[in-house]
Each structure stands twice: as structure tokens, then as C-alpha cells.
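Labels for the chains are A, B and C, by order of writing; each one numbers its residues from 1.
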């Protein structure tokens, strides 16, 4: 069992860095996407809405194929690793925009009015009143997305990135002990998601307590 | 419009993509047919009063949910034959994605069962209904109704998950698109058309799920 | 058209006639006897050593401040909240409380008990996914094994009597709170109970809608149904009850006919409670 664990765990670096980079990219790109989806101009709003829906509707593996094989003959041909980060970064942006939106909607509209009544402008209300309340809804949602993202990144193995799944696949072909090897790989993913699961559970419990009060 | 379509790919290639889409939809249907009853069963087992049953079911759910669907699929398709159990690509896809679906939806069912007010069980008991009868006629129908929007939403993920079957050479939509690409070298065109086909199914269904969700919360 | 909520005699075509049906409502016969009933809930003694009796055809109101254990006591009668100790006797069936694993009352004992007892809840608890008619027929078919036609006939009779014949095909969400509670009463009566429990049946209702429910309950009392009612409707309790039980901190503070309890209560605590609720 240990003989397999060594080779597979060399893939942890790729799995974790792709997940982390894509998550950070998505958290940043999600903000302008959210702003656009709430824009007063209908065309901007419609375009943002369409992008969010499209990014989430097409399976991640298909996006990866488009970036990796589709752009291969074009000017901007990408290696597998950057294709994975960019692909999952864009998908994360769509999911994060939705998570941010849920956070904003969870704050009652009267809070905006109460802030305005105190003479604060919209940005000030967002920063000091609505934002801090929304973040409590955003954190558990973001942690849940990060766990899903971690598992989704397994498909980067199909375009040849040496992540946990890729190494497990080649190790299983080499040794013929696929059942054990894929179980080990699954166990590694579960262990990697554990810290995120704790964040999600802890913040979610706090959220429920705060709302109950 | 049709001129543009003809410019992009020829008719045989559209047929090939459509046959792939049909396989994807067929796999989705079979996975739901196997996975949803499994999810309901797991939810009941997790809620069982017997500790070993409850913990066993919970462990199964956490493992089948915790590993990537692609790893589970590889385990079933590549791992089991090495133990002497050989499955066709279709059977492996339905088994692996179905186990994954069962584990995920068991959480949806569990929350829905808990969302049925306790008073409903009490009212059933006060009328003399047995526990089994109360579950079948009072609790389960209400739980299914509560779970419906999320189950519809999850079925989109199942549909998207069928693209993973590329890895086990099942001739679904992505496999067909890739195959056309590898003969014509027009990957971008054919993959974009395949993506549009995924979106054309997933977006309306997810809007339907959202509508169900809003209607449900409006009623409560 | 039947003009009673409670049938005078067993209907010839219903298979299983509950035992004791032919004896009611003989005055003086003991219908309910609680002996030493206690119940702990969430680490606090909700019901302390309560003993009570109620004769057939009589109406008992249970009043007292909130948190006094009134609802818990009522739930002990049909074992929705199984008592920790004591025994419950209803109409010839006695069930002894025991929470020790393996010594708990058998499911068949509880079924016998619950068959004799109907219950009406504060929040109605109609089954929202079933039509009004189906709400009233379901348990008749499943528990009493009546066939669909008999069950529907009985259900329509009862709905007629509670003034809701036209709502038979509606769903609970399409009915007002008062209508829902009247359906809930019909649903319980459909099983021909010998005792009806009412757990604050009007607390969730506006006064106007509550009045519809109280008038149905008054009718039921006049027809000789044995009833135990947890309520905050003091005037109703005073007019309709044969006896009033005042509870405080899980125990029975005093019990007596309404004219005594309401006009000349023995206990200072009862006086303060009545002053507080009647002076509003």
C-alpha cells in the first residue's frame, strides 16, 4: 500500500496549486462579474447573466478541451497546466459571482435604507454595513465551492497534468492494482478537503447561530 | 442559420454529435434511475436508530461523495476488472455515477425528511397510523416535494458528469466531439458546438429548478 | 342527513366496532384515569405526579400559565409524549409507562389506546399534500380498514356537520385557519374516538376564526363527547366544562367545577393567574 502512496502523493502539489490558483482567480474575477450582473444597463446585465449561466452549464472537462485542444492551432495555444488554471478560474468566477450575490441578497434591504438614512453613501454602506453581514453567508458557500472545485480538478488528468488522479491512473496501469490505488487516491482527496469542510461547517454553524439570535 | 451550420460541420458530423448527446441523456436517465432510490434508501439508513447501520451508511456516503467522480469511475472501470469483475463502459458509468448520485442526493433527501414538521408525524401517530404507514403516506410524499427543486438541480450535474465517460471511451457527446476533432482538426468548432449542446439542455433545466425553488419558498 | 357529529350507535356496515361503543355515554362510567403520571422534557420536570379522572360524556378544561405542562400532560394521555412513570387508563385500556428499553409499552397497546383517543393540535397539522377529503379518509382506511366508499361517506357526513361540505376537494392551503381546524376535528372524529383531546385548538387563530372552532366544539360537548381541552379561552372553559383543572409547574394546583374554580378559587396562585388573564 505504501509503495503506491509515494508516487500518487507526488500529484498533491498539482491538485492543490491548481485548486488554489483557480479559486483565487475566481474570487477576484467573480466581483466584476457580480457588478456587471447587477448593472443598470440591460445589455451589460444580460451579457453577464449569460456568461455566468454558460460557464456553469458546460461541463468543466469540455471547457478544458476547448482551451487545450481547441486553441492548440491558434495563436494563444496553452500548455495543460495554465489551461487548467484559466479554465477552472473562469468557472470559479461564475460560481463565486453567484455566491456573492446570495450573500448580498441575504442581507435585508432595510439595512441599505438604514445606512442611507444615516447619511452614508452606497459604497460606504456596502463596506461598513452590508458587506460584513454578507460575508458570513459568503464564507460557508465559498468553502463548499472550494471543496467541489478540488474534486472537479481531477479532470485535468485527462489533458495530461500530473495531478493525483493522473498519477493514480498511470500507477494502476503499471501495477495492475487499480482498486486499491484509486481508493487511496480517493482517500487523499477526502483528506485534502477536510480542512475546507471544517471551515464550511464551522462558519455555517456560526451563521445559523447568528441568524437565530 | 442553416447555411452557417453547414459551413461549420457536415451533416454526418451533426448526426454523430446528436447520437453522442442521446447517449449522454440515456446515461443520465439510467444514473438517476439507480441513484435516486439509492439516495433515498441511504437517507433512511443514516437516520436509523441503530448506530452501526447509521454509521455504516454515513461512512459510505462520505466516501462516495468525498472522492472525485472521475476517480470513482476509474475505480469501477479500471480497478474492478483487475479483481475479475469486468463491466461494460455503460454499466461502469451507471454504477459509478449512480453511487456518486446516491451519496449526494442522500443529503438532499435527509434534509427534506427533517424539514417535514414533527407535528405531521405526531398527527399521524395520534390517528393510529403505524410508523411505516405514516412514513409512506405522510412523511415521504411531503419530503419528495420539498426535495424536488434540488433533485432537478442535481440532475444537471449528473448530465454534465456524463462527459467524464470520455475517460472510459463511452461514445457520449464529448467523445464524439473529440473524435470528429481528431479527424478534421477543427477542435475549436466541434467542441464549441458540443458545449452549446450541453448548455442548451442545462440552462433551461436549471431555470426550471430555480423556478421550482422560488415557488416552493413562496409557499412557505 | 345526519345531525350529529358523534354517532349514537355503531354503524352496521363498519367492520370493526371499537369495544365499549354500546355502553356510552352512560353517565358515571369512568372514561379517563391518570395515575401518578410524570414526564421529564429537556432536563426539566414538565409533568409531576398527576392523577386525574374523567367520566364519560364530561368535558374537562386544563388551564394555567404557559410552561405549566398542560400540553405535555395532554400528550401523555395518548403517549405522543410517553410518560416516564405512572399509568394511563382510557375506556377499558390501561397502559403503564415504562421508559426502560424492552419494557416500553408494546406498539399494539399504544394502537389500542390511540384508537380510542382523537387529538386536535394547536397548528392543525393537516396533511398538506392531501385533499381535505383524503385527510379525513386516510386513517379510516389504514387503521379501521374501512373501504374507500364507507370512509368517504363518513368523511362527507362529518365535513357537512362542521360546515365544510364544499371544501372536500380543496387542499388545506386553500382553507382558512378556522376551516383547517374544523377539518382536523372531522379527521379525528372519523375514527369514532371515545375521548377527544384538544391542544390549544384556537391559539393559532384570529378570534373570529377561533369562534367557528369553538362552536363546533360546543356542539360536540352537547352531543356527549368526552373531551379534555387545553385552552386559554377562559369564557369557553367556564361555559362548557364540567370540571376545570389548574396546572402550575407541572402539577395540578386545583381541580373543581368551573363555578368554583373561576369564582372562588382555593389557591392564591390560581387567583393571580385568573386575575391576569381575565382582566385583559
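As a working rule, a contact is a pair of C-beta atoms (placed from the backbone, for glycine too) under 8 Å apart; a residue touches a chain by one contact, two chains touch by 3 or more.
The shown structure was predicted, so the numbers you read here are calculated from the model rather than taken from an experiment.
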Chains in simultaneous contact with chain B and chain C: none
Central chain (distance from its CA mean to the mean of all protein CA atoms): B
Euclidean distance of C-alpha centroids - chain B vs chain C, Å: 46
Centre distance in Å when chain A and chain B are each reduced to the mean of their C-alpha atoms: 20
Chain A and chain C, separation of their C-alpha mean positions in angstrom: 55
Residues of chain A that touch chain B when the two form their complex: 53-54, 56-63, 65-66, 69-74, 151-155, 157-158, 165, 168-169, 172-173, 176-183, 185-187, 189-190, 193
Footprint of chain A on chain B - complex, ascending: 62-63, 66-72, 74-75, 78-83, 156, 160-161, 163-164, 166-167, 174, 177-178, 181, 185, 187-188, 191-192, 194-195, 198-199, 202-203, 206
Residues on chain B engaged by chain C in the complex (per definition of touch): 117, 119-120, 122-130, 133, 137-138, 141-142, 145, 219
In the complex with chain B, residue positions of chain C that touch it: 75, 78, 80, 107, 111, 114-115, 117-119, 121, 123, 125-129, 138-139, 142-143, 173, 187-188, 191, 197
